[in-house]
Every structure is written in C-alpha cells, then in structure tokens.
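Paired with chain B in one complex and with chain C in the other, chain A is shared by the two complexes that follow.
Presenting the complex of A and B:
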C-alpha cells in the first residue's frame, strides 16, 4: 500500500480492502484492493457501473456481506479495524456511529409499524431515552429532513408516504444517532429527478451542518457533481481514478473516466451527432491485468499482464499504465 | 398527411367505485394528448413517474384502449379497424420496453424470440425464410451468429435490449415506441443503444416515440419534445428551442433538477430544487397540474386550468403567465 499515504486526521482509513465471494465453481473478487480515506464532514462519492463492487465496499464496512462473502484488508475507524470486530462490537458501531441508507426505502422500513415508532426505537435501544423523549426527538428529526406536518406524519405508516418522503425518513433514521459516518447506497436512484435533487441537497447540507461524513455510492456522475466533494471511480473492483470533483470533471485522466464522461448525454453545451462509446459491457471475469484493459482503446501489452498501481499526483490519483506513465514523466 | 396523428387522446383505467354498491369508475391517466409524427422523426415524451407517458405510448399501439379521442395511423382511425386487421397492422407499430430481460421469454432462444413475430405478421413465409429475416434483424442490431442459440439469461442487459430491438424490427415497422429503453442500462452501454437507435432511424426512416424520464437522453435523440405532468401535455416544442429555453415552469424545474456532470453548474443549483410532492393521480389538482409545486403560482392557477397556447417557433405551453402567445 505504498501509493496511499496515511492521513493522520482521516475519520476512516480503508487500506487494501478485498471482498471475495465463494461460489461452488469459482471465487469472485468483487472488491480487489481498494484504499481510500474519508474525512470529517466530507461527501465522498464512489461511482461505478454494475459489478464494479461499489456497493460491496459499503456492505463490507457495515458487516452486511452475504454469507459466502469474505473480507481482507483494513478499515480503521476510531482506532478499531471495522473488518475485525466481533458481531457485538459491530452492533455497537452500527446504528450509533455509522448508519446506512439503501436504494429502496420501502423494503428497508417495517410496513406494520408507525414511522415514529421505528425512528424512536433506535433512540430507546442505543441511547436509553424514554419513549416520550424518543418520540419527540423523532418528530424533530422528521422536521429536520423537511417532512411536512411531522407531528401527524410520525403517526403514519410507511405506505402512506411517497417514495421521496420514505427516503427522507430513512435519512432521518440514519442521522438520529448523530453518526460520524453515513453510508448511502444509490439513495436517489429510485426517485424522480425533482425529488432526487431535494434529497441530494439535503444530504450535502446535513453533512456540512453536522460534520457527518458521507460515502455516497452511485452509478451517476451527475449525482457526484451535485452532492460530492471528492470521488473514487471504480471499475472491476479496483479504483481507477480519485480526485476532488472539480479536478475529475475538468481534467479526467483515466481512459475509463474519460469514456464514461463522453458516453453521457448532456442537457447543456454543444449537440453531438453520436455519443462517445466504450465497447463491450462491464464484465465480472478478470485476468491478471487492468480490469478495464479488455474495453480500453488505449491499452498496450502490459495492461493485460499486470494491474497498474494507483499513482498519486498531488491529490489526483490514477491507476493506468498509459496515462500514469505520462504523469510520472 | 403525417404518419401518426394523436388527437385529444384520453386514456384511463377502470378502478372499483368508492362505495360497496357503486359502479366502477374510470381513472383518467392521460387527458387530451395531441401530436403528429412524421416518418424519420423522433418525438421525445418526458415527465416524472405517474405522468402518463408510458400509458400514452401503449395507447398508441392500442395495448391500452383509449377512453376518448383518436389515434390516426396513415389516415386511418385505429379504433375503426377490426381486431384481425389491427393485429397485422402491429407489424408497422412496434414497441420496446425498459426491462429487456423481462420482455423476453426465458425459455426461447434469441433466434426463436426474434422469429416469433413473423408467425403473426408474415404467415405466408416458410420457417426458413422467417429465420433468414430474423438473422438479418439481429445482424442490424450488432448481434452475430453466435448469439442465435443463446437464452436470455446468457445475455447482458445491453445485449438483451438489442434482441428486443431486433424483435421490434423484424416485421418491418414504420414506428417504434421506445418506453424507457435505456434506463436500466449502464452508462457505457446506454450510449451504445442510443447510437444504435439513431443509426437505425437513419437507415430505415423509422419514426420513434422515445419515452424517458431522462431529459439529456431525449435531447440527444428527439426532434420534438412533449412534456407531460399528471396526465396532461404542458409543453410541446422543437428540440433546440426547448432545450435553449423551456417555457413552462414545470419544464424549467425538471431541467434544473437533472444533475449534470458539471460541478460548477451543480453548485449553482444546490438548494434550488422545487419543494413539494407530486400530487396523486387519484386526486389531481383542480386547476393547473403543476400549481401545487410551481414557484410562480398565483391564485388563478388553483382554480382555472390553463389551455395549451401557441408561441413563436412552433412551440406550445399550458401556463397562464407566459407572455407572447401567438
């Protein structure tokens, strides 16, 4: 891990994270040596296509991997390695210091319990509040995430909420414990654009106000530009590029990032007759080289033989034999 | 004569009545939608979930029966066609769906799926000739001979959508309704399918109705744009004029909400998202469909529904407060 200098003040330091799934015939390397730091109050985006391993990073941090999943590496948070905690220790961290919001807010809520009760439960269990005090705090948090008429809505059931309101309830629930870290897995993918904009703005604003650090996993570079401070571009379980968002969008260096940006249709700017394309489809099969090499139009011999190191150039990091060499020269 | 004329089309679904003994009622989903479409052109239909865009697309093919208004195909009222004629006509009007895997029979090979429509559309053809046509259609969408024997579970999402497109093309359609055809695909694959649809349109002179919640994709594909909100068309305009300056406050709100891969633009837009929820179709507002969320709302908007009015450059919009109606 020589390419990633340790930052002393990082809230969470992930080093060489690996997630593998054992199948009857094979072993899938879903996350393949990912390292990054997360700072206080920062919104870090992890962007990638299907199979990039972006969600598995979050599941590994929360101890939520499927039964056949194994982790290796290190995730240091408050002096502990999250990947080595006992289930009991992990339970204490989850919900109070670290929370997660999922893509589908309906399946994450209990349909038989009033929303206020579901919110209050965590406060009663983790912080030992009385039912009344917990309920009051739950209502205040619903107001905070801009649920209209929170006193009445706390008494409603999940099906009585729209999709956007349910996701705001999930965010309220995640933030009730004032966690140091909020993990969000495609939190707006199921929402309409107008509602998505509200929810993304809310996440960015809460991060700024409360100092909660956020990891936002998404497939949409537009979402990254709207809500994040910094971004990791993931492909085939590996980090291809990492930069502050202005740097990444102004000067994308990795051929994959460049390809993704050219493939995106735009609302503004010049019209193009045809979109840029990346040939082929994201694939789970992987050789020893750069995971993107089979689809990369700039690949050279070494790309399919050896995985590129993630090289640092200031705060810009890139893993590419072709582009990385340019930077070093 | 346009290829397709949609004239004040209403589409609704029958739902149970309120009381125990009350009769079923019709829940209107699309109301008074009108537009024309010519060969070789793409009409983009955009709007949020529940706005009726898919229902409208399906009603054009009579997959839903309209409850009012007309769909006129090459001068003929679709409602007047006998069922058998309509079935044959569908060779000319085809559809592709959002979830390409769900749209394919898991027990049919790629070749069988693409051959199947010809049993209905070209009953005179021999089995062998049908397969030749199916191979041609698959070739057109970039799927070579090694895909013919595959089953849907052996395909990626992009490949499955290409099979869906080949199946729509095999009968030689003039119009293809594309219902969110790239929404379920990864960005890199989405671009391939968008380009393919544009190439096919150029080669075959297809008319496309492109239904999408993604305004950026519509800008790439469409010649003309229709914006729907809660079942109503609120704006209709040529692409360039629309994206340069949308007239309706709802169109502007949609455009502002779409996140672009441009941090400077997005920072300027943080905190500007319109507030409020999308009203229920079960209980639509009495006046303007956007009144409950519109930043420019006036008392009049809650009482009086604005009609579509014409503006310069062949544009139409339904808002009381846009200046310069022609």
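Presenting the complex of A and C:
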C-alpha cells in the first residue's frame, strides 16, 4: 500500500482495511485494502454497486460484522484502533462517539419496545441518566427530527410509524448522543423518492449543527451530489477513485467512475440520449489485477496482471494503470 | 381488551358446543355399548340397566338429556363405576393430574428455555451439543422406557424417592414430574434455540448492538421477547394436554389421575365419563389458548389491534 498523506487532524484514519468472510468452501474478500481519512464535520460519500464492500466497511468500524467476518488493518479514532478494541471498549465508543443509521428502517427498530424506550436506552447506559430524564431528551430529539407530536409518538411502537418516520427515529437515535461520527448505510434506499430528499437534508442539517462527521454509503450518485463533500468510489472491495465532490462530477478520471456517471440520468441535456451502461456484472472471482479490468473497455495487458497503485494528485486519488500515469506526473 | 376476551370466550363456547355434539354422536356410532362387554346378562336385566341409564331412549333424546344436565354442571353418572358420577370421578383425579402437570410444565419451561438460550448463544459449543443430546433423548425415548429406568435408579438403587403411589408425600411426585417434563424440556429447548438464533439475526438486534449497551442488555432487553413468542404459543396447548393427565405416567407410577380413567372409559364405552373428560380437555384448551393469546399480545404490540 502506498502511504496515504495523513491529514493532521483527521478524525478517523482507516488504513489498509480488510474484511474477509470465511465460508465452508472459500474465503470471500469483501473489503480489500481500503484506506481513507475522515475529517471533522465533513460528509464523506462511499459509492459502489452491490457487493462492492461499501456497507461492510461501516459494519467493520462498528464491530457489527456477521459472525464469520474478520477484519485486518487499522481504523484510528481518538487514539484507539477500532478494529482491536475489546467488546467492552467498543461498547463505550459505539452508540455514543460513533453511531450508525441502517438501510432498512422497517426492520431496524425493535417491534416490541416503545420508540421512546429505544431512544432513551442509550442515554441511560452511556450517560447514566434516569429513565425520566432520558425520555425527556428522547422526546426533544424526536422533535428535532420533525416528528409531529413527539410526546405522544415516543409512547408509540415502531409499527405505528411510516417508513420515513421510522428512519427519522433512527436518525434521532443515532444523533441523540451527539457522536463525533455518524455512519449512514444507504439511509434513503428503502424510502420513497420524495421522502429520500427530506431525510438526506435532515442528516446533513443535523450533522452540521452538531459538528458530526458523516460517512454516507450509497449506490446513488444523486444522493452523493446532494449531500457529500468528498467521495470514495469503491469497486470489488478496493478504492478506485477518491475526489472532492466537484472534481468527481466534473472531471472523473477512473473508467469505472466515468461509467457510473454516464449511467446516471440527467435532467438537462438532450432528452433522447440513452443512459450509458457498464457491460458485465461484478464478479466475486478475483485475479491479481485491477478488480474492474474484466469489465473495463480501456483495459490494457497489465490491468489483469497487476493491481494498480492508488496514486495521489493533490486531493485526487486514483487507482488505474491507464488513467493514473498522468495523474502522478 | 375486555371485548377481545369476551369475543374469544364466545367463540370458545361455540367450539365447545360443537365438540360436545360431535363427541356425543361419534361415541354412539362406535359399535358396542357400556354393557355389551360384561358377562352374559339376561335380556330383562339388560333392559332394566339400559332403562336406568336412559340408554333405551332414542339417541337425540339422550343428547337433549345430557345437554340439559350440563347446564346444571351435571356430567351424568358413570356407567362403569357404580355409585360414582362423572363429576366426582374427575374431582378426585384432577387435582393429582393438575399438580403433577403444572410442576412438569414449570420445570420444562425453566430448564427448556435455559438450555435453548445457552445453545443459541454458544452455537456448536459443548453446551449446545449437550443440550442437543438432552433434546434428542427426551423426544426419542418413550416415557415407558425412561420412567421405569428412573424408578430403578432413583427409587430402587438409591432409595431417594418412592417407586410410585401417593403415600410418600411430595417425594412420590418427583419422578412423575421429571418424567413428564422430559419430553417437554426437549421440545421447548429446541424451539427456544431455533427461535433465538432467528431473533439474533434480526436487524433490530444489530441496532441494539450498535447502541453500545452491552451484550447482556441486548439479550435481555431485545432478544428475549422475540425468542419467547413461539415458546409461549406452544406452552398454552401443551399445558392443557399435560394437566388432563397421562395414562402412561399414571400407570407407571400408580397415581390416581384422570388420564387412566379416560382410556378406561373409552374402552368400556363409559359414555358420560368419556364425554366429561373430553369436555374438560376441550374447555381447558380453549381457555389456555385465550390466555396464551393475551400474553402474546402483551409482549407483541402488533397483535393487539384488529382482533
């Protein structure tokens, strides 16, 4: 791995993160040497298609991997390596300093507990509040995520909320402890399009107010454009390209990023233009070369033999034999 | 809530009425009668007996008579045990069956749930395998093998408890309770284990873990409720079946419960006694199902509305 320039005040520094799943027949490498920094107050997007390993990065950071998942590498946060913490130490971090919003709000809340109790729980455990005081804060937080009549709604059960409202509850739960980092795993994928924008804006707004940095995992470039400051493009568990949002949308360098952008519908421009597609499907089989090489229309001989290094040009990073050469220049 | 209970009781009453009618006529459809097995009796005597028990009347009149009796809680006379009526027979046997049954259910629930939880939390560990073996043995080995085996070990060899009968006080009930509990321990532990493994995979459990509240709180506060729902659904009908007696247990341990009466009654065509015990079982089953539903609705708010 090439040394990545360390931003001095990076809140979270992930280095060479690997996540593998042991199956009876094989070992799946879901995340394959990912490095990035998250700065205070920024919203970092991680995009990639299904199976690119983007959600597993978040689960690895939170210690929520499935039982057969293993991590390697380093994730430094406040002087601790998150990947090496004991369960007890990890419990002191997650839920209070770092929290997560999941993809599917319909199943992420406990159907047997009142919403208020589920919110209050974290305050009671982490801050030692009484049940009454915790409920008061929970209700105030429900109000902040704009749930109407929060006092009454706190007493309700999750099945009495709509999907959008449940995701608001999840966001309230995640931001209740004013964490330094909020991880959001496709928080709007399961929601109606009209609700998506509201929820996204809510996350961005509350994060800005509390100074919380956000890692937003999504496959939706529209979401990225709306909410993120910087983007990490993932393919096959590896970083293909990393750039500030404007750079990525204006001057995407990696063939995969370019393909993604061409596949994105635009409101302006000629109406009749067909959306671009990337041929092929992501494959779990991994050779020694660039994971995207089998689907890349610009691949050359070396692409399937040797993995490209992640080269840095200012804040723009790109891993590509074809495009990367002049980036390093 | 009261409306819910009222409606369920009304439904239960209808079910019971159907059960009474069906049992009554099916019993009469079977060949033979209460006195056809006895030694040869003269036709005059037989007619006399038939008359005493109203068996000479048309079946539908017997039915009306029976139902009329039921309304005053009169279950009728036993045709086998002279001088006893069915109510009296049930009243003398039921307390034994209920005592043993309730204790067996309590033991089975506690041990079964504990084993199931231990197995689910440490999958494929020695604990899990040990619980699995108890499960297989409990389900596969019949009561009439386990029962005498335990009598030999704990009563004859070690002399801790009596072999059977009711003279030994509470000690006499230890073995029957254990033997009766064993298959249920097995079933409940398997049910709990699979239910808990399923619950542990739920997204909301992951949410709870993400809150950093500690594994103990995750399990007690979030996993247990979902785990126990199917177990409770099983316990309702199982309790009804267990407390109405078991002929095997009562025969092996020489206990005066009602399970034995039921089988005897069916073999002897003791119509009123069969009806009485069937009715008792049916009523208990219906009642315990209502209780089960109430408990489940108390745990799961989604079950509260609409029904």
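General observations
Rule of thumb we're sticking to: the second predicted complex is superposed on the first by the 324 of 329 C-alpha atoms of A that agree within 3 Å, B and C clash if a C-alpha of one lies under 4 Å from a C-alpha of the other, contacts with A are read in each partner's own complex, and residues count from 1 in each chain.
Everything that follows uses one rule, which is that a contact is a pair of C-beta atoms (placed from the backbone, for glycine too) under 8 Å apart; a residue touches a chain by one contact, two chains touch by 3 or more.
All figures in this text were calculated on a predicted structure; none of them were measured in a lab.
For the composite obtained by superposing both complexes on chain A, the positions of chain B and chain C are free of clash and fit together. When the shared chain is aligned, no partner comes close enough to touch A:251: not chain B, not chain C.
Within the superposed three-chain model, A:276 lies in touch with chain B and out of touch with chain C [touch as defined at top].
Judged by the touch definition given at the top, the superposed model places A:62 against chain C, while chain B stays out of reach. In the superposition on chain A, no contact is made by A:131 with either chain B or chain C.
Within the superposed three-chain model, A:100 lies in touch with chain C and out of touch with chain B [touch as defined at top].
In the superposition on chain A, contact is made by A:113 with chain C only, not with chain B. In the superposition on chain A, contact is made by A:220 with chain B only, not with chain C.
Note on chain A: of its two partners chain C and chain B, the one contacting more of its residues is B.
Looking at the shared chain after the overlay, A:155 reaches neither chain B nor chain C.
No C-alpha atom of chain B lies closer than 9 Å to one of chain C in the superposed arrangement. Common to the chain B-facing and chain C-facing surfaces of chain A is no residue whatsoever. In the complex of the two chains, the chain A residues touching chain C come out as 62-64, 87-88, 90-96, 99-100, 102, 104, 107-113, 121-122, 125-126, 157, 159, 170, 173.
Within the complex formed with chain A, the chain B residues making contact are 48-49, 156-159, 186-192, 194-195, 198, 213-217, 219-220, 240, 243, 253-266, 269-275, 277-278, 293. Of all residues in chain C, only 202-204, 206-215, 217, 221-222, 225-226, 299-302 touch chain A in the complex they form.
Of all residues in chain A, only 49-50, 146, 162, 164-165, 192-198, 200-201, 204-205, 219-226, 245-246, 249, 259-268, 271-272, 274-279, 281-282, 295 touch chain B in the complex they form.
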